[in-house]
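First subunit A sits with subunit B, and in the next complex the same chain sits with subunit C.
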Partner chain A sequence: MQPNVNVVSLVSIGRHPQSGRARRAEQDGRAVELGLKLVQDKLTLLHAGNAHETVLRQYAGMGLDGFTVLPQGEGDDAVPVLVAYFKANRQHHSRQIVLTGVNAESGESSGMLPYLLAEQLGWPIVPRIADIVRVDEFEAEVLLALPRGQRRVVTVSLPFIASVDSAAQEPRQSAFARGLRATLTTLDYGSRVDDAVSHWQVAPAKPKPKRLKVVKAKTAADRMKAATAKPVGGGGKVLRNESVEEQAQAIFDLLLEEKVIR
Partner chain B sequence: MSDIIRRDPRAEWIVRNRLHPLHLSLVKSQQGDVRGPSGLLRKNVRDVGFIGPNGIKRIDRANLLTVDTTTRRSASKDTQTARPLHVVEQADFYIMVVADMVGGRLTAHDKDLLGQAHRLVVQYSDVNSQCCGAVALVCFGQIKDDQLGLSGVDRLFHLEDTVYDGFSPEARLGALQQIESQYQPLHWLFPDSVHGGADLACRFSARIGERLAAHVWQLDREQCLSRGASGSMDIKRATPRIVTLLEECADPIEDTQHQALPMVLEPMAVPSARLKEKGQMAVDASAVPLAEAEFILSAGNGIHNWAQFHATATALGATEGASRVAVDEGFMPRARQVGASGTWVTARVYVAVGISGAIQHMQGIGQCDKVIAINTDAGCDMVKRADLAVIADSDALLMALASLVEQHQLAKHAEQIHGENSNAA
Partner chain C sequence: MMLDWLPPTLIGVLLVLAGVGAIRRINLWRAGQAEEVAILAGLMAMPTRYLHDLHHVVDRDKYISRTHVATGGGFVLAMALIVLVHVFGVNNTLLAWALMAALVMMFCGALFVFKRRLNPPSRLSKGPWMRLPKSLLTFSVTFFVLTLPAAGILPDGTGRWVFTLVLSALILLSLSEVLLGMTWGGPMKHAFAGALHLAFHRRSERFGGGRSTGLKPVLFSDNDAVNKVHGVAKPSDFKWNQLLGFDACVQCGRCEAVCPAFAAGQPLNPKKLIQDMVVGFAGGSDAQYAGSPYPDGKGGVQEVGYAKGGADQIITDGLIHPDTLWSCTTCRACVEECPMMIEHVDAIVDMRRFLTLEKGDTPNKGAQVLENIIATDNPNGHSPESRTYWAADQNLALMKDVKKAEVLFWVSDGAFDMRSQRILRAFVTLLKAAKVDVAILGDEERDSGDVARRLGDDATFQSLAKRNLATLSQYRFSTLVTTDPHAFHCLKNEYGDFGSTALDGVEVLHHTTFLNRLVKEGRLRLDTFKGGKVTYHDPCYLGRYNGEYEAPRELLASLGIDIAEMERSAFRSRCCGGGGGAPITDIPGERRIADMRMEDVVSTGAEMVAVGCQQCTAMLEGVVEPRPVVKDIAEILVGQLVEEVH
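Take a look at the complex of A and B:
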């Protein structure tokens, strides 16, 4: 589609929600899928972490000949290494798009990585995109995924970072043999331990307590009313004797005010 | 005054007991016997009995309960008891809550955050009883909620400008930075939501270079508990200044009311936007799942012209719903049924056309914000529940509504063409 745009997909190691085994992360897979859609096999697949992780081959098996790893130990901070990588590859900068997932499936999963990268590189960040519609000379048109299935069109100047929402196209099936054949490139930009993590106490998640429905009625009559009352809105407006046009206008005005009609 | 009629058992007992010294006076006072001019006792034949509590006339033949005049009404009780006002004269510190304000109203998530902020304020003032803190709400765009004080807002930063409309994270970030430099709040609480709260928190954290705690579900002054690794781990750590909180992290404010004093911000330079919004895209409303649709036009037994109903829904851009009757009769697919046995909807605006409102249906629309009812029966439950009810025939009204929408679209289209022409010129 656009041969001269440089797309990088940042991937992480996912975690299966039931078994807890390592897997291709949901949103990162979508980021790779979107990158493949934009530039086919010219996509750069980038991971900061363990280079010998077999899950990386699942990403490569989606149709890539190779992938790049910035070797990191367990519990290292990925941001400085990635910043160093992007600063070293400055020549591609003017036409670069970096795609990530919204939250990682392991570790803190705060979703801060794209924001920290964007802040340190001085690029704009577009959160939760569903698709990239068009890439021009200087800017791109992206679709933001809003709640309730809505979409918003936003134009953003190149280069930029985008996090890919679960509303984006599902990742394609990974071909096992193609993943095995993919070549691994490791680039060493050093590593830095994330100090703050050593002060944390990490434990398996406890179930959150359910909120109890407390009836605050003081008398038995109030309690009876609370238990039997139908849900009633606080005294709405009733239009009875107006003409049909006036009634329709009243409804239309309310719909406009609530911004459901655009 | 409550309408409950109270019995006076003592007066009843005196009326039954003819030997009681007060018997005669009490019976007299309520029966009001009248002697005619010839000295005969006259009885008013229409005056027998009394109107019972459910409005039906009762004749008490055993003469046991004729204590009409002695019944007393229960003491007047205010149903709307005013909550005590929580006053913060001079705030020594602030806790900022950045609200999503979906559709201009506080969401349940925002209210939980305000409750959490007040718990933090109490904890800080327990440590140092001299200083008192205020919970400040930061919100962007138009506010339609007029009860912010009841949700626990002491101070209000209301940023209403065209630059904050729609998708404008960069302008909003600038405003937050301005508040940060002007007030140095103790904590920033953001909702961990897809409505922009989490995005703004991450931007703010990256900009001021302070690490945030994300997905927090328990928070106190010293420590917080956050969910990590896609919800499979709990991380306990010292509470940072910036926190994004999950839903139901604390109980909302229910017992007090607050001042909601508006605060002023020094004027600031709006950063040039690198993200430019081009407006929302029209999505196919029928493809949106019913459970998460924002705007639903729902049909019931009162619809006769189904082709017109579908056309109106398309014109309005509304997702179609239906009551059980409409589905059972085969006019709508089962997947479109709203209610306890169908889909529980969360729409912001729900238009019920010709639905009288069975209790199962009302349960299904319990979470809807605004309900509009179109019905011929003014006494039905849907009309009682609705914020706007229209007593009219659905066919004529839907036609009028569709034509209004058509005019609106045409006017907007003409405006756009005009705008493009003037740009070209």
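Take a look at the complex of A and C:
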């Protein structure tokens, strides 16, 4: 059953790490994927920025008939206009879920946007989620992504903002023609130049020099071994001559220690 | 009681019914999309296309070509004369004798059809096809007897009424097969649809020794098209002459016999695919299909009878499974073998376009590869700035600096792959030894778009093609050479659709062709090859797509190599499994295509297999050892290069 909530996926323009070209951002794509899973094509795809950016159609190509853009100029602050949008929208939808990526791949990439939005709207923020397990009229059961593949279920009351972690379901393929046909709705909620940013100086980051790894191997097989060998040392031990019982006990202890079994 | 009126009336009625069937059939084809065809010119050219091009393909199997000439020729002649003699009642002994001669010829042919059907090979369809030789024999015997009085051998009126009744029954039986079956969907349909298919073929350039292998572009810029579905979703999305082409299939199964995916147990059988297309536009289910089914990829077969389709139903929604479409390596072996000149690969890519462009459903690594190509212009997502790293020590001129060169070396995505780089280096060494004025595009080069196009993403292909053409148009060169047959095919046959003059007057060559010229001009000094036995594997995109079978063989011969040819070589070469994005979509089968090809190599006893394609090299080298060595021809040549000492 489809829950009667308004799910908004907030997307940004990504940047490919190798080519620097605009692309569908990894985490924002996951936010759209999660939105599609919850409400299928009833998802609202929202972007504050340039309405003519073709990358937006890559998001829409995931299965949406249209998308909404709050037009912004270069260097404008996205937060106030988004706040205005959600405040205006609140009259129609009291039950909203806003999904974003953890941080953008271009621009400031501070990851602050969901927090600032939540603060100004007075909504709870759920950072780094992996999934939304259940949604009803008033609350949602959300799966937080913790390190080392751990998950924690929390219950949040609607409306809320969640940032989607890279642990979430990866975004489906974008269908070019579907994106091409998607209708663009632009809504004007004004714009405000981000004064702070205009004073900043931006320079490309320099990669830190890395120590060269001297390859001693003579043959390809040796190189392969060197490249795939696990780091020696650290935890763990090799039990080769111990009895089966001792070996089993060691495994059992480890599982207890790692809290796999209790 | 006189029943003399009965046979002519029967023939007349059946002829009219066949005409009605023909109109019905034509209307089925008309459900397809409009396509400009030279109707009159096509009809005029049809006999030549039939007698020359089609017969040329049929003639690869002498037994059936002779059988077909006798049966088909006899039948056409007999049918024309039957209309004259028996329907219009032309009373001419000479005509009657001619008719009887035609029937005897047909009878002899039909005997051989019958003989082949006694123990038919698995590629042939059974079912109604098993009945056909009997119908043909009945036809020839019946009309032979019926014509005896007209020829003056038997006196008129010999026929007692019982005799006439029996003859009429036989006429009804045999004419139902050969006349009604032609237009109402029996085995003889191939004659009617096939003749029209030859006349209105979508690639008329193929006839008269021509070649037409480049895919047709999807129209995006057209504003009306933006709200239309891209690619083929339903049978009615095919062009009308494609539908006609499907109907021309004789179910001889030659495609099935050569299909590498079918042999590997992947869920594809080109013959069944074409029959499913017929089921699609004619409506109904595949229950009537009596040939080999699709393998299921696990060693068994998919059961026949459950596939349902209609002209306006989504094909991949109940008619065929998408895996069937993704199993194809686009090697064109089926198209090359098809005596009816059906274009299987066009149809498959058309349907893939729908899956990729409209549904966003490219299997396995497909989506990721396409995303990489879009974002970085290469399938593995490498930085575009690292494209020329391989040539750091090659001292190659960049087009950006020199602006013009005699030869532009199109490096292709092999630049990112360490194995392919060995081929690239070998080729550069040869170019330098021959003192060729050569330059490369360096980081300005992009993926040729081959993989994107075969995976159905024509948008990305077109974007790459246009950007590549824009780059190429800035520089002057008379020859473009590449070591990658896939890039070669795109540049030579598919970039022409985008209105650029960048390649006008430029000769696009594969490196084997180019090297062969250098050797013939005496610009390369080569030693005799003293290794063991060598065989040569024809890459599909060089051979079947571009007809280059000779240059690689001449090159090897110039090293004194006597090629131990594989059973399937030249136009019959078996695919390595690396084309059409097949390694990316990776549809499971029982065997790997590359393994089967390596078995072909091993059976020649060769110690080395020469290849002219980096994809083939990668696929064949992926076969577990021990196996023959795999080397590109450029690498073999470099080994024998006599360096001049100063």
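Going forward, the second predicted complex is superposed on the first by the 203 of 262 C-alpha atoms of A that agree within 3 Å, B and C clash if a C-alpha of one lies under 4 Å from a C-alpha of the other, contacts with A are read in each partner's own complex, and residues count from 1 in each chain.
In this text, a residue touches a chain if its C-beta (ideal position, glycine included) is under 8 Å from a C-beta of that chain, and two chains touch if they have at least 3 such contacts.
Quantities reported herein were computed from a predicted structural model and do not represent experimental measurements.
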Partner chain in contact with A:R172 - subunit B first, subunit C second, else both or neither: second
First (subunit B), second (subunit C), both or neither touched by A:Q18: second
First (subunit B), second (subunit C), both or neither touched by A:T228: neither
Partner chain(s) touched by A:G61 [first = subunit B, second = subunit C, both, neither]: second
Which superposed partner A:L180 touches (first subunit B, second subunit C, both, neither): second
Touched subunit A residues, subunit B compared with subunit C: B
Contact residues common to both interfaces of subunit A (with subunit B and with subunit C): none
Partner subunit C, residues of subunit A touching it in the complex: 16, 18-19, 21, 23-24, 61-63, 172-178, 180-181
Subunit B to subunit A touching residues, read off their complex: 4, 103, 166-167, 169-170, 194-195, 198-199, 202-203, 205-207, 211-215, 217, 226-238, 246, 248, 251, 254, 274-283, 287-289, 292-295, 316-318, 348-349, 351, 359, 362-363, 366, 369-372, 374, 378, 381, 383-393, 396-397, 400-401, 404-405, 408
Residues of subunit C defined as touching subunit A within the complex: 220, 226-227, 229-231, 356-362, 366-367, 370-371, 374-377, 381-384, 457, 459-460
Footprint of subunit B on subunit A - complex, ascending: 15, 17, 20, 103-112, 115-116, 118-119, 124-128, 141, 143-144, 146-157, 160, 196, 199-206, 208, 211, 216, 221, 230-233, 236-240, 244-245, 247-252, 254-256, 258-262
